[in-house]
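Structures for review follow.
Shared between the two complexes below is chain A, which pairs with chain B and chain C, respectively.
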Partner chain A sequence: MAFLSVDFLLLLPFALVLFHAVGGPRGGLRAPLLLAFSVAFHATWSVHYTALLLGTSVATFGIGKRIGSEPQDAGKWRWLMVGLALLLGQLALFKYAPALSTPLASLVAPLGISYTTFKLVSYLVDVYWEKTEPETDVVAFTAYSLFFPQILSGPIQRARDFLPQLKQPASPDVRAERIVSGLRWILFGVFQKFVVADRLAMLVDRVFAAPQEYSNLGILLAVYAFAIQLYSDFSGLTNVAIGLGLLFGISSHANFDAPFSSPNIQEFWRRWHMTLSSWLTDYVFTPLRMSLRNYGDWGLVLAVVANMLAIGIWHGASWTFVAFGLINAMYVSVSALTLKARNRWFKTRPLLARARKLIDPVVTFHMVVAAFAVFRAGSLTDAGYILTHVLPLDFLRAIDSAGFSAAATEALRGMGLGFDKIYLAIPAFLLCETVVHLHRSGALARIAGRTPVAIRWAGYHGLILATLLFGVLEVREFIYAKF
Partner chain B sequence: MPSSELPVQRVAGRILLFCAPLLVLGGWLERGLAGVENSYSAKVRGVGAVMKDVEVLVTGGSGALDAIDPSGLSVPAYNLANASQSLHYDCAILSTLIEDTPKLRAVVIGAPLWYLSKELKNSPEAWRQHFYAVFWRVPMEDPPKSFITIQQHSYTALYTPPAAMEYAAAGFPPIDGGLTADGWEPLEVPSPEVAASGLDPIWVRQHVAGHLAAMRTESEVRNLAAVAALSERLNERGVPLYFGWLPVSAGYNAEFGPDARAHQRQMMERLKADSGVRLFDYSTDPRFSDSDFYNADHMNRVGAQKLTAVLRDEVLAPVLSPPVLSPPVLSPAPPTPALE
Partner chain C sequence: MMPTAVLEKLTAVFRDVFDDDALLIVAATTASDIDDWDSLAHVNLVVAVEKAFGLSFTTKEISSLNNVGEFVNLIHRKMPPSRA
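Take a look at the complex of A and B:
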């Protein structure tokens, strides 16, 4: 069953009524119910894989208890290694074996294996580091690891954040407030997905499938479109996931924080897929940085390369993902190593420093767009072709000889900008970004607080109708659901 | 009252209140759309009205929809063809009608050249499958894997919300494409500009390329089995099944190519040998010229009437009683080698 499918949307109210009606004031049946919903959701994809993830969760629960009960560090370490080998081995088997081994080529990764693994690894390491107590309730723990709203693309919530919310539910007032808030998150996420991401997908899919068949201007538009599509698709999905979590009384961290207005690449990665970035920072980058601290800048660069390569390779066994990781490693390393010097230089030039505030986000955005083009390309050859054909010089020459209208018509031929109404995605994206920035500054809450209910509701009704009228409503796979 | 003071039950009540205008709008759309006559509902109603008397049923894709005028067959006849229709739906619809058409004497499937290799589910118009499920109550070629198929329970979802709003704004007009009472969609003789664009070599090349790309071996297996099963049921009643190629422009024939044509021909011969299907072929008939076409593979009103007369006199005459006595409307026909 897909998120945002009619099946899901029709079954959700029944699950919610049941959950809030019989969940009980002290948690009662909340954990078993959530586990049952999650198992049912997974089972609509594959019963066998549901059993596998359930077994992995129970095994991790047991290993966590062993780590907690071992008196010696060596014993704790041994059990941690057993747990990590199980979890990471399983992830590697499903993600890379199909590409590396012919007999396993038909192996399909279970839905949500990445995000379940991230959650379980963080739990084991936190227990080992004594940041969290080993969990004693296997049902609650399994409900955490398989929590269905977060299974496709996070956010990656830590056990120490999730389990207390499940066991000690908030007051009815807070639960009610979360339901309202959850519905807003879902509405916004659905709009991002259907109106922005899926409309742009029509252009992106065409051009990236055969970039050689399109003009430089067409390639340039598709490269920008993909960055916006990926952001809208991914943040739309996680916004829906956050909203669904809130409907079931679980609050989680945001996953995006206006990343396209980041002033530098480090800041971009702090605002993009934030729960994965913070997971990698805690469990990969910081331990590596600490162990390489004696190597100065080279240690930093090595830690950054390992971190970014992990992000790239996690997406799958493809050279474009490796290249994506390396490009970002280069970006982050150069930016981190030069940041202090750049700041000093600008400090003495106030006029340029003011201009920098405007220019830096633009530069960072274009660096990200270029890296995402490599990420999306079908092969390294395609990536090379795309990056060497984004400057629309041919278009400028054509304007010179044939005039703007004829040149634009020819350059954009076959891209569907008109008949697929792809242009509708642009105002929709700008609207989303405005909402994100207003939310970020706190202005959205202030405006909402001052606006009469009737007008607020009219706005929500308008958003729902706009999604129905301008959205691409055939259910497309979420881009990040496959990772 | 600040939202933080709202209990869960009150929130549920407010959600229902919030949804009320949307439910009213949805209900109004559903009611209006239920009365919209489309080509599917029109054909269900149209054939239902003549079922007890109909003697010839014609079916096929848009080529047959436009090219065969049942009123020209001189006996009660009905055209069941529809845009992008595939053999799966031809056979499924005919199967539902066989028992209720006591006077049926012949069934004609007017096919484009690629018909035996085509399925609707592989085409950009796969959405039409829901219309067959809703109006004809026949199973889809490609049933969705979901538990609930919203298009089969909501007209707004079936037509899509933007189209539903558009029809609502226009007062829910009929959208049956101007069908006649016996299911034919006459296409006007196009203006010289329209005719030129419909026969434009580049357009024809792209059009045929789309057809060739959508041909599937697995579709052929299913299509041959469906036609064979239909033929068997018709044979039990002594009703012959005619399957044949409709006229297409010379440009279309050239682009389709001899190999693809030979492959299709081979499958047709199998149908003839194994299931007793009777074949006809007007795809290269020199009696039809560019002026008979609306575009490369659709006939205009004049071409359709010409073809209908030819079908009546050359294909259906042996089974129609009393014998067709109307004078020939064409100059003497040259031999058509594939014609039975």
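Take a look at the complex of A and C:
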């Protein structure tokens, strides 16, 4: 069952009414009910895999208790290693075995295995680091690890953030507020997905399938379009997930924080897929960097390379993902090692420093766009072709003779895509970015607070109508649901 | 060394690492209070603190810290009695 399918939307209200009706001290029957919903959601994809994820969660619960009860650090460490070997071994088997071994080629990764694994690994390490107490309620714990809104693409919520919210539900007022806020997040996410992402997908899919068949300008448009498509699709999906969580009274961290206006690449990674970035920082980068701390800058570079390669190959066994990881490792290492010197240099040049504030986000955005082109390309050969054909001469000639928008329209028409089909995504994307920035600065809440209810509701209806009118409503899988 | 003296010495290390001579830290200060205090700067800070105080920390000790106050307590706890 998919999030935006008719079945799901019909069942959701019943689940919600039931969930909010069974309150009581310590959450009453909420945890078992939530677990039942999640099991049912997983089971619509595969009963066997649901049993596997349930088994893994219960085993992790048991190992967490053992880590907590071992008197010596050596014993705790041993159990942590047992748990990590189980979780990461299972993830690696499903993600890489089909690509690397012919007899296992038909193996399909269970839905949500990545995000369940991330949650369970963070739980075991946190118990070992004594950041969290071992959980004593197996039902609540399993409801956490299988929580259905978060299984497709996060946010990766930590157990210590999730479990108290499940066990001590907020007051009815706060819960009512969360439901309203959840509906807003869902509406916004759906708009991002259908109006921006899926519209751009028409252009992106065509060009990336056979870049050699398109003009340089067509490739250039597709490369930009993919960055915006990926962002809108992925943040749309996690916004729907955050909204669904809120409907069930669970508040979680945001997953994106206007990443395309980041002034440098390190900050981009802190504002893109934030819950995975912070997971990697806590459990991969910092431990590695700590063990390599006496190797100076080389230790830093090595830790960055390992971290970025992990991000790359987590997406799958493909050389384009390896290249994506290495490109970002190079970006981050160079940027991190030169940042202090750059800051000092600009400190004494106030005029240039002001220009830098405008130029840095543009440069960072283009670095990201180039890396994403490699990520999306069908092969390294295609990636090479795309990156060497985005800017050369026919593009400049076309602009020179016809003006950019006429040339771009011509390029789109060559693909059988009209101006109206693709360009609608641009105002829609700008609208989304405006909302994101207003939300970020706190102005959105202030404006909403001053706006009469009737106008606010007109706005929501406008957004729903716009999604129905301008959205590409063939159900297209979210890009990140497959990772 | 008293915790207040540890905090004083720690402040000097922070100022050096973050290149800010006016930086003030208190027990409740966290990474989100200082702009440049990201995961990259964090380990540089740990290395600088290890050097300044002649100590060595484990990943577990560093990962369980939540604010400057806990860092001060950790340093205080790990100092040999003759210097504490």
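As a working rule, the second predicted complex is superposed on the first by the 456 of 483 C-alpha atoms of A that agree within 3 Å, B and C clash if a C-alpha of one lies under 4 Å from a C-alpha of the other, contacts with A are read in each partner's own complex, and residues count from 1 in each chain.
The criterion applied here is as follows: contacts are C-beta pairs under 8 Å (C-beta built on N, C-alpha and C of every residue); 3 or more make two chains touch, one makes a residue touch a chain.
Because the structure is predicted, anything quoted here is derived from the model rather than measured.
Enquirer: With everything superposed onto chain A, say whether chain B and chain C fit together or clash.
Expert: Overlaying the two complexes on chain A (C-alpha atoms) leaves chain C and chain B fitting together cleanly.
Enquirer: Quick check on the superposed pair: does A:V6 touch chain B, chain C, both, or neither? Answer first, second, both or neither.
Expert: first
Enquirer: Draw lines from the C-alpha centre of chain A to the C-alpha centres of chain B and chain C: what angle do they form, to the nearest 10°?
Expert: 180
Enquirer: Considering only touches as defined above, state whether A:V174 meets chain B (first), chain C (second), both or neither.
Expert: It touches chain B, and chain C stays clear.
Enquirer: Touch check for A:L183: first (chain B), second (chain C), both, or neither?
Expert: first
Enquirer: Tell me the contact category for A:V22 with respect to chain B and chain C: first, second, both or neither.
Expert: A:V22 contacts neither chain B nor chain C.
Enquirer: On the A-aligned overlay, A:L469 touches which partner chain: chain B = first, chain C = second, or both, or neither?
Expert: first
Enquirer: Which partner chains sit in contact with A:L391 here, chain B, chain C, both or neither? Use first/second/both/neither.
Expert: A:L391 sits against neither chain B nor chain C.
Enquirer: Which of the two partners, first being chain B and second being chain C, lies in contact with A:H461: first, second, both, or neither?
Expert: So A:H461 only meets chain B here.
Enquirer: With both complexes overlaid on chain A, what's the closest CA-to-CA approach of chain B to chain C, in Å?
Expert: 28
Enquirer: Per the contact definition, I'd like the list of chain C residues that touch chain A in the complex.
Expert: Per the touch definition, chain C meets chain A at residues 19, 38-40, 42-43, 46-47, 57, 59-60, 62-64.
Enquirer: Okay, in this complex, where on chain B does chain A touch?
Expert: By the definition above, chain B touches chain A via 3-8, 10-12, 15, 18, 21-22, 146-150, 157, 160-162, 165.
Enquirer: What does chain A use to touch chain C in their complex?
Expert: Answer in residue numbers: 128-131, 266, 270, 281-282, 285-287, 289-291, 293-294, 300, 336, 340, 343-344.
Enquirer: Give the list of chain A residues in touch with chain B in this complex.
Expert: 1, 5-7, 10, 17, 20, 172-177, 179-180, 183, 457, 460-461, 464, 468-470, 473
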